[in-house]
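In structure tokens below, several structures.
Both complexes below contain chain A, partnered by chain B and then by chain C.
Let's look at the complex of A and B:
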């Protein structure tokens, strides 16, 4: 049933599959039922157009074209299948060998296979058919057609075996003592079967086309045998009188080529629906609602975020986030992965994927982003706001030099020429302690170390002297000493340039040490907002306190177990009722399960969203 | 802290380059040697005696022996091979059994039209497929316009699968027989080139455009595009500067493979449109058992493909500096 359902989901695959089965049936039955009719000479209608007696007309000798086409199916499709079977008989061992041969010789063998694939298959086939054809007849033709296919098959098999051999589940199976033959049968073959079915069917499509082509050129099947290719070449010779004689075989070859090529994909899809089911395309919903009203004057603040909400793929991943940022302030945004901190930052920076829907208001330097035109916005955000992304390896364009990437923003928005922009870049690189900045500008991202790339990323952010710098996990991929250097650097940049910084991190200790204020996020909302210096003494949300308890520190006695927070962060598609933290909270009461606590501000300016804020955690 | 060593690009880069070029050159030589060997062996493996082909069935044993001697076939194989290679390197590829014309001369007359056909088609493929694929990607990014996407996938799948000789047949029927816009066959004037080039180029163009679209969509989802967006660059800059270089590697690799199918396609197209060229020469020679011509045609068509592929490889090294570093 699942098989049929998978097929119904892709009607083109179903059509291809039906066409393939029909062609196979015709190949079997055609010569039995129509063998006589195909060779019957009708002298009364020679080279005739379509008629009731001859639906496609007749050829130069008065033979019925449709009957001949159907009979020829056996030879054309049969040769395609035979050649591809031969190809796989040779290609599978060759491919397996290249996977097993060991790293020393593998590149050489793979390169040889690649070279053969890059060579025109038709030329190889013509070469082999010239040698083998006169001796072996049809088998020689099949062999000639099989050789290019064998290299294609070998390529598929070796790539597959190498990729599967490296997978975790295979290593795991080997670890628990599964033996090699069993490993091949139970793990390798099922994982390869799908791809092999597809590539085999595509190969049959190739060989049918190639075989018909050979016959079309007059070096394939010889008279009196006939296949689609021979019929096509005869038809083309009388194109003026009877176009159907050429178009008929052409249609059959095209149909067979398409049927086999796409039936293979349909079969694989049906065999493993999971892989092929496409996730429902996320729809962009129109930005909902107008920016929330009020929220303080905010004119003296660098950034004011009001009720920011982000929906992606039907889920609300950021819910009503509001906060402000004073000039030169450095604020940490902490939370477990999936808490919405990065999405909040991307929402502020207007960098969310196009499929996301965003509502709420963002005011940067007193200007409401909502009211600005696109070009204004580009220029404003391009100069006043910069983002340093998490993974500096993937966040730099691997195909462009560092110089191009560092300078393009300044050249675009500040109209600097190449020289001026390069000078600015050198100054910024020196500022982030990158030695030999002129060389760095000429280098590509892969030529720098991780720490250097992160520094360069920050330097790039500083190019236009922005008022706000958002750093998304700037130190996560780096080792501890470099982590400390980058944090020092950020603190200095914050101080010397007076640039406000939002530091996104899952590392509470890092935030506590470097930021003036800490915002804690949980399940898409801010749950606590307080000065970093008061984190240890005055944190009131149980989530914040358990995060603090989970931070390893030097005072902790050896042997004492590190506290972890029990349970998992909530699944956004099945948010718990009431306070989202209640299933994991040691203080949870009935009210926590039924009603969501609002984020309430205290007179001292701190904010917390908890019914039990500040209560003692039971030991 | 320090600016020492802020000099020219390090020597290591140039060494890597030379090593890369050296390996490619060596590979090219190996493949060319193999090609020479294969074409040499071919003629020796074809059943039937060349002397019989030349003289017919009614020669005397002495005549046959004289022809064998003339062709060098009375020497042992290794000696014959050395002879073949040294002659081939001098550009001497023997003479036709049928017309007695030097093979070099035959090829000289025929390589021009084939090169024109293949070159024009390749230019069409490369110039059209990248903008087409990019436009398709832009129109359908983020799941927009699902109907355009379905139409695009279907069209590229069908035209990417249909072989060139069928497309040629179809185009001749529509544009030459029905609409009478273009000549059915022949080599007179530019109008005679339109249908052959279209037959050769349409399939590979759409096949490549399909791949380009997927590559562009893939690149658009990369972190570095988000970084570029964070710099608020115009869309044009993002596509041309940040996306294009990253898809060029794949486009060129596939383009190189498609070139070899283009070369194979010329064999059909020359036959269908009754054009003079390497392909029609090859087919004619096979049917006439004119082995020196077959040998030289296979050698030359093979060399064109191999050399173009090597050039593509080097070009890839220029475009994507990572190839130099990563591959052995």
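Let's look at the complex of A and C:
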């Protein structure tokens, strides 16, 4: 029933679907129920206008036009469907083959398809219909309509197939011995279903119109058969006397075309299994407030985060996060994916999507972000805070030169002119060890290597001499030797410029070696906060300790087993009661299952949220 | 005794000036029932080696022997018989499973194509359930679709599919690099268990030396399409002979050691135009950049030779010590 829910989300699609189903029903039932009425001659009212007995009037022989229109639906819609089915039956294998046959023959096949598309489709149809029509009747007509459609379908399928052919699952299937026909049927077609359904439906709508056009011109359906196009052409002759005779078929043609086109889109959306197999998201009732802990008084700190909570799509993804950051401090934020590290950072930087709801306080350099107006905030964050993301390729605009992107912020926020900004950019690029900075400024992002882009990203962050730099997995996409270079750079920026750094990483060893303090996050909350140098000796939360034990340090020998954490990170839509870690925790007691432990500060400044903090983990 | 042996493997993409020789004359051998760790950074050609070994990359030259039989012809590596013996698990479990097929359907498919060992539908269904249990997933896994699983579970499914054809050799291409550390641990443990129970041989490809040490009996290091070092695991980690391998080791952050400054400067050169002589000389901390008198590094391509006993290295100054 989730299928229906998916449809309800788009009412226009629902209307189109209903219209399509109605058309199909008319196509099936029309000739059965109204076949006689449509051919009944009523000589008392010949070529008459609309009346109670004949809502659309009658034709030259006194036959009821509405009945005829409804009966004609079978031929018009049926031909549209038949022609498209033929087109796709030929087009899908043709297009799929062009992706599967390998690089030598591919260009030849693709060019052949392109050449066929270049012919005007309707002309090809008219030509074929003139040759085939008389001999094969309706099947000849359908074939004539199908040929241009087949090449269009082949083109769509081949483009989609090529993108799927690069996926590992296709390679994996070949490795286990799956043959080509099955690859097409089970791998290519289902994975392009959405697009195929849409283009099929649009094709049907196109073909209905084309077929009507042929009949209108007199080379389609021949009397005594009749379809919408033929009725239109007959109606047009007496347009000034009985306009309904022409407008009726015209309206049906237009409505059918629209119904198929829109219904196709609605069906395509619903064809994705993700839409109908995902469990409905349960609402959570998270506690509204939580005690703000630690963080210090705040006046001398670069950043103070108090009770930061982020809600997105009905889920609380960050819950009551509080911490402070001294000038020149480098803090690591660690946790598994989905623990809320990135969302915390984006919440601080006010970079969350507009649909997110943030609560709690963020004070940067003594100024409360809540109290600022939008333009003030943009300017303040634009100069005092910088963020470097994991994938610098997707954070740079590929269409602009590095120079434009690096200088934009400085020109906007600090009012530098083009030359001054360029000079600053050169200086910053030199600082991050990018050789030939002037050339880099003229280049586009794709011309730089991954390591160079990340350094350029950090240089861009440093343009306005910010006091806080947030780095979200800055080295995850990079090689270890390059990672070491970037960490050197961050350490220097941190030390020499006194810039406070938040380093978000899943790599505990990296954080342990580079950060003064480590914050461990789990299910949207900070569960432990302690100096990095004491991570190995003084971690008290069982989650932190399990994470540490799972790290394959260089010390591990061949065959050694790694400690694992049972289960999986909690689903935020179904958060466990009490301590969110309890279902995976080796120490869990009754209290852990019922009550959530607060994040409590010790006299030594460390914080931990665990009822069993420091207890020995059973072997 | 090696189960899969490769000599002079060369893979080239394109032709002419834009040609990329991704793998250039690589020798390697996977010990029977053991693991060869293949290490290197992105662009070194390690994944291309993997793909070449299962017939997914164009091999320009080289010999491949599987259990003594010659499989050098490209057609030999796409034959059903070869694929029944050599399977591969890909890096990203999100792209290696067909989102439109249930796990059961995937396994059935792999079982159907396996030389007829499971003839009836019932046998295949039973074998699918056994396979998902072997990789540590609940039996109802077979009725579910890939998107219902986490990354670690998906990787288990991918391993199960590879096992379905009953292979001897598994090529594991960065199989845990897309996973969280706790999940990585479970997958690595599973692979170790499977190796012990089924006597599988692994080619374990990774950029992460710490997991390579955990998983491998022998280690081969690649740089820019070439093998630069090969040794037994403990020997390799105790005294790396090639300066590149030593730099790799130094770059890895560890939980216990202190941070060390980055040992290498500069980026990987363009693999389309590899530097002359030793390909590593542009970044080498003991090469001509640091010691201008070592011109031999620019002039002569070092061969992979014993630095001491069975420890091979391709470096003109391997014996004098990398550091």
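Throughout what follows, the second predicted complex is superposed on the first by the 338 of 619 C-alpha atoms of A that agree within 3 Å, B and C clash if a C-alpha of one lies under 4 Å from a C-alpha of the other, contacts with A are read in each partner's own complex, and residues count from 1 in each chain.
Quick note on the criterion: contacts are C-beta pairs under 8 Å (C-beta built on N, C-alpha and C of every residue); 3 or more make two chains touch, one makes a residue touch a chain.
Since the model is a prediction, treat every value here as computed from it, not as a measurement.
Of the two partner chains placed around the shared chain by superposition, neither chain B nor chain C is touched by A:420. In the overlay built on the shared chain, the residue A:565 is in contact with chain C alone; chain B does not reach it. Once the two complexes are overlaid on the shared chain, A:195 sits clear of chain B and of chain C alike. By the touch criterion defined above, A:535 reaches chain C but does not reach chain B. Once chain A of one complex is fitted onto chain A of the other, the partner contacts of A:349 are limited to chain B, with no touch recorded for chain C. In the overlay built on the shared chain, the residue A:400 is in contact with chain B alone; chain C does not reach it. Of the two partner chains placed by superposition, only chain C is touched by A:484; chain B is not. Once chain A of one complex is fitted onto chain A of the other, the partner contacts of A:175 are limited to chain C, with no touch recorded for chain B. In the superposition on chain A, the residues of chain A contacted by chain B and by chain C overlap at 433. In the complex of the two chains, the chain A residues touching chain C come out as 167-178, 182, 186-187, 190-191, 193, 273-274, 277-278, 336-337, 433, 449-452, 479-485, 487-488, 491, 506-510, 512-514, 535-536, 546-548, 550-565, 568.
Put simply, chain B touches chain A in their complex at residues 1-7, 9-10, 27, 31, 38, 42, 45-48, 141-143, 146, 154, 157-158, 161-163, 165-166, 169-170, 172-173, 177, 184, 222-224, 226-234, 237, 241-242, 245-246, 248, 256-257, 260-261, 263-264, 267-268, 271-272, 282-283, 286-287, 294, 298, 301-302, 305-306, 309, 319-322, 325, 328.
The residues of chain A lying in touch with chain B in their complex are 12, 107, 111, 115, 117-123, 126-127, 130-131, 134-135, 205, 209, 212-213, 216-219, 232, 236, 239-240, 243, 246-247, 250, 253-254, 257-258, 261-262, 281-284, 349, 351, 353-355, 377-379, 381-382, 386-387, 389-391, 394-400, 404-405, 408-409, 412-413, 430, 433, 435-439, 442, 444, 446. On the side of chain C, the complex with chain A involves touching residues 41-42, 51, 54, 56, 80, 83-84, 87-88, 90-92, 95-101, 105, 109-110, 113-114, 145, 147-148, 150, 152, 158, 161-162, 164-165, 180-186, 188-189, 192, 207-211, 213-217, 233-234, 237, 247-265, 267-268.
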